[in-house]
Amino acid sequence: MTASNEYAKVGEFKPLDLLAVAGAREVNDGDVVFAGTGLPMLAIGLAQNENAPTARCVYEGGSIDGRPIDTPTSVGDARCIYQASRAGGLYEAFYGQLHSGYVDLGFLGGAEIDKYGNLNTTYVGTPLNPIMRFTGSGGNADILSFAKRTVLIMVQEKRRFTEELEYVTSPGWRVKKWPSGKYVPKQAVYGKFFKGGPSACITDMAIFRFDENGEMYLDTVHPGFSVEDVKNNVGFDLNVTRCSGETKPPTYRQLEILYNVVDPEGIFLP
Amino acid sequence: MGTPKIITLQEATSMIKDGDCLAFSGFTIWRRPVAMCYEILRQGKKNLHLFEVQGGFHSEVLVGGGAVKLWEGSWMGQEILGKTGVNLSRKQANGEVIVDDLSHGHAVGRLSAGAIGLPFFPTALAMGTDILNPAYDGIANAGLRDGSNPKIPKEKYTTVKDPFYDMGELLLMPAINPNWGLVYAPMVGTEGTVRILAQCYNDQDVIKACDKVIVICEEIVPDEYLRREPTQNLANGYEIDYIVVCPWAAHPTGSQFYYDTDADFLLSFNKSTKTQDGFDKFAEEYIYGVKDHDEYLEKLGVRRLEKLRASQATGYSSRVKRGTR
Amino acid sequence: MTASNEYAKVGEFKPLDLLAVAGAREVNDGDVVFAGTGLPMLAIGLAQNENAPTARCVYEGGSIDGRPIDTPTSVGDARCIYQASRAGGLYEAFYGQLHSGYVDLGFLGGAEIDKYGNLNTTYVGTPLNPIMRFTGSGGNADILSFAKRTVLIMVQEKRRFTEELEYVTSPGWRVKKWPSGKYVPKQAVYGKFFKGGPSACITDMAIFRFDENGEMYLDTVHPGFSVEDVKNNVGFDLNVTRCSGETKPPTYRQLEILYNVVDPEGIFLP
Amino acid sequence: MGTPKIITLQEATSMIKDGDCLAFSGFTIWRRPVAMCYEILRQGKKNLHLFEVQGGFHSEVLVGGGAVKLWEGSWMGQEILGKTGVNLSRKQANGEVIVDDLSHGHAVGRLSAGAIGLPFFPTALAMGTDILNPAYDGIANAGLRDGSNPKIPKEKYTTVKDPFYDMGELLLMPAINPNWGLVYAPMVGTEGTVRILAQCYNDQDVIKACDKVIVICEEIVPDEYLRREPTQNLANGYEIDYIVVCPWAAHPTGSQFYYDTDADFLLSFNKSTKTQDGFDKFAEEYIYGVKDHDEYLEKLGVRRLEKLRASQATGYSSRVKRGTR
């Protein structure tokens, strides 16, 4: 690797690059990561090549710690099992790994988020008056419910950062207790099954984290954006008092890894 | 228990009755019994109940073609080739299909309970969400939880407190035992031993959970060959009922070591079937407009298929252009 | 195979040979058989070579439909998986096969039996005053509870055929309903899980079957024994009114298969 | 989660504390971590709680040597080489070991629930028997179900009625998560990937259910080699904690493709240890009388070991005389 650890300048990287790099920085060495297709694959691939060489990846399709030589386009892809330590199925992924408590870190996206990190990946509208259907939960609800930490990757838009979700697909720090549907702390529903919750939310504008009460706050703002820009693109009253400054841009080395090692075919990175 | 019978795609499909509950092999856009789903439309089946850990091209086709009354599952789409299941989205919004949402963990648990003859599976996954909102129980709202349909449980779930270690409350999710398992597997042995060549997804549980199982395969191989590595096999002959030999049956979904997913086909399907009119045109061209699967393959042409053919070293094609670089 | 289908004469076969042959006759072609080590292996091996060529054998260790070229001495033996259709583990055997409902026929032994086909394989005495411990249940209780039919193989002794077992390891046609422990028909405890029960009991003296009430009756008496001999070796009042005559001896062909094909090393057959 | 650490047999054994709950790999007389059980006796561990789907030589040794206070399991013996577990029989009759009986299905279910983080497993196996007799609950009778030991559930089982399909009443069996999994596996990769070369028994569930896992292996091999066939592997490196390299560690039990069971050794053990005096003599000769595992192997001698060595074609020895003919 010839590129340096110096930070790239604004204009030398794309928004997607920064998302991938910020995601990679959330991965600790040794983490067992449960991830989906797309940006999470870039983040983990980068982390494995830089800051977290022994992080291991569980895919929903059933492969564990694969070392693909060609970027998979699906978590069920034939490419996922190359040099994997195991190849099983969804029972293994969701029960043998996730419910069993092995998963340190989840990586998820969603269409909408509230300030407690609850996600909607299912409906515009509700099941009673569905205007449009997204994919549905898939493993989203499961991963957010049982991973010790989860990184949420979102597009920063006011309507996507909403005071109250019309439909909660996946549980954040305050969740619905049935049959009443009243919001209570996640621990109150999960009892001794509680393992953690959302740890960060990364968008194309900023990085958010969650405080002691499970409420989202602004941590860093990406180069080129202001705190005001972020506030204007959040639909609830955002705590910005803890903002610690600007998100660090990618390094040249990170960009080189992303484009030459992780996604050389340009499947996710244009 | 006996040895499975070899029949044709048409014969196999004709046994499925209107209103039956179906489950499928595969994962999103891999190892789906697509040829049989096309044939289900050709034979005009109606009111099907699909139980899917997650849907994909095969079930978007069934939904788009109007064969489905009830869809239970956790996810519908085609990965990065079509991020939402446009046909299910349209039909749910129109009120043409009843939908009941699960998480992956819930669906996996329900199928695995069905596979081992248990009436339910305990899980603590995905609690505290609207998936468990009683007001959003799509099956109950349609009045279908009255006990009259043996494939529909009387409750979407119940909760139970751990009496042993004070872990707290968790869910019991009802088992599911669909009428038919439609399973695509590349290789089946002469005595019915089934081999897949990659991750097993939920295929084994689909085989065990369903009342009857049809396996649609690329080729029949000597059972003796498969028995050299018994740890690699997915199922025994007595667990399956019918075998259909039908090369390229999973197209446009992929089959590891046989062919890759047909990304262009899937992308184009997803774009063109957002409207019912679009779906109808697709169906006319690729389903109703061809007599059978052989004609479908001829229509795709040798050039297209050869590009998809998998390398015997890696299990996927090295001939398709996948990215922008 | 050169030997004939004529019956061997008394003196030309050993008691164990007749047990194996009588066991083999209980196997229907196509049966999925869940069996343990020893005599059941001989019976099934013989059946597969004669009357039930497509019977398939599940062993507790996790092998399915193995075709050993050397007789296994254990259901966990390396020999079991040769040309098996699958090799899994005990979860597969007990849940994926037995609880799932695939098993047509079980083959079991026991130390004691009552007239409803309940077995004791665990104690002389009870857990409260254990005089001696046998192996315990292993899969015995599970197989008898869930196989559609089960063949029980016993040594014919008065004390082993007893009015009431001190300890019920495995459930026959009338079982204990807890918490009271009162005996009720098996169906009353198993509800819709009910699949069947013991179908035959084969000893070194006779073959017994079970009537509509789940009570044992004498079916056939082995050559060389009388009905009276059998009655004298049963500790409860035995129904002999349905006795249909003498057990058919092994054929020469069956003996040849047993000694030359099934157990050529003399592991179970002396 | 990290990469497992390679340590010695002595170091591994020294981490086990008096009173700990242990589970083992293998099945009756196959793939048992015998060398570590010998070392447990050498180090004088006491009051152990064994959870065994079924016992075998390794646990007969631990029971005979007085290391065990509580045995939970469904079966004890050595197949046709010793039809009852004579040491457990003696110690239970003497009141020296508390025993609680299960069926295979119950024990398998309890372990599989522990493996996936559930507090219980539903089952309808072995109902209506004295295994479920409340008066025979050995652990309750010993006053150990008071909630003070996290490895002992508050009830032996409970029952629940199926609320979904009216199947009737079935059992909930409590999960088990032992402190230590002692696992013998022939091959472990450099990154901790575990491979066994035959049926998997309950080994995978033991690995997942136990708090800490020690794998004792014949040899460490390149992980890359094991990763060529990911469907053949039993466990990932992050699921295990410690690796001990110790050839012939399973003797006298067998290890497929490495060595066969030592039938003469097992037969003689079973005959000679019916009395405590007999066990003490055996232990003096083979356990306390040797310094370590190497000395044990020297004592067995090359001739004996070579006779047991497995054929690389079949996975078992063709040199042992097994029957009478």
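Think of it as A, B, C and D in the order they're written, each chain with its own count starting at 1.
In the analysis below, contacts are C-beta pairs under 8 Å (C-beta built on N, C-alpha and C of every residue); 3 or more make two chains touch, one makes a residue touch a chain.
These numbers were taken from a predicted model, which means no experiment stands behind them.
*Asks:* Any chains in contact with both chain B and chain C?
*Replies:* D
*Asks:* Please state whether C-D or A-D has more C-beta contact pairs across its interface.
*Replies:* Looking at C-D and A-D side by side, C-D shows more C-beta contacts.
*Asks:* Could you tell me which chain lies farthest from chain A when each chain's centre is the average position of its Cα atoms?
*Replies:* So the farthest one, by centre of C-alpha atoms, is C.
*Asks:* Using mean CA coordinates as chain centres, what's the chain A-chain B distance in Å?
*Replies:* That pair's centroid distance is 27 Å.
*Asks:* Where the centres are mean C-alpha positions, what is the separation of chain A from chain D, in Å?
*Replies:* One centre to the other, that is 40 Å.
*Asks:* Give me the residue numbers in chain A that touch at least two other chains, ranges are fine.
*Replies:* 63, 81, 87-88, 95, 99, 193
*Asks:* Hey, what residues on chain D touch two or more of the other chains?
*Replies:* Expected reply: 117-118, 123-124, 165-167, 170, 198, 200, 204, 231.
*Asks:* Spell out the part of chain C that touches chain B in their complex, as residue ranges.
*Replies:* So the residues of chain C in touch with chain B come to 30-32, 54, 56, 63-67, 81, 83-88, 95-96, 99-102, 104, 193.
*Asks:* Report the residues of chain A in contact with chain B in the complex, numbered from low to high.
*Replies:* Per the stated touch rule, the residues are 37-38, 60-63, 69-71, 73-82, 87-91, 94-95, 98-99, 118, 122, 126-128, 130-142, 145-146, 167-171, 175-179, 181, 186, 189-193, 263-268, 270.
*Asks:* So in the complex, the part of chain D that touches chain A is made up of which residues?
*Replies:* 1-3, 115-118, 189, 191, 193, 204, 208, 223-224, 226-228, 230-231, 233, 235-239
*Asks:* What part of chain D is in contact with chain C in the complex they form?
*Replies:* 26-30, 53-54, 73-77, 79-81, 83-85, 88-89, 92-93, 99, 101-105, 108-109, 112, 123-136, 138, 141, 165-170, 198-205, 254, 256-257, 260-261, 263, 310, 314-316, 322-325
*Asks:* Taking the complex as given, what residues does chain D use to touch chain B?
*Replies:* Chain D residues touching chain B: 117-124, 147, 150, 153-155, 158, 160, 162-167, 170, 172, 174-175, 198, 200, 231-232.
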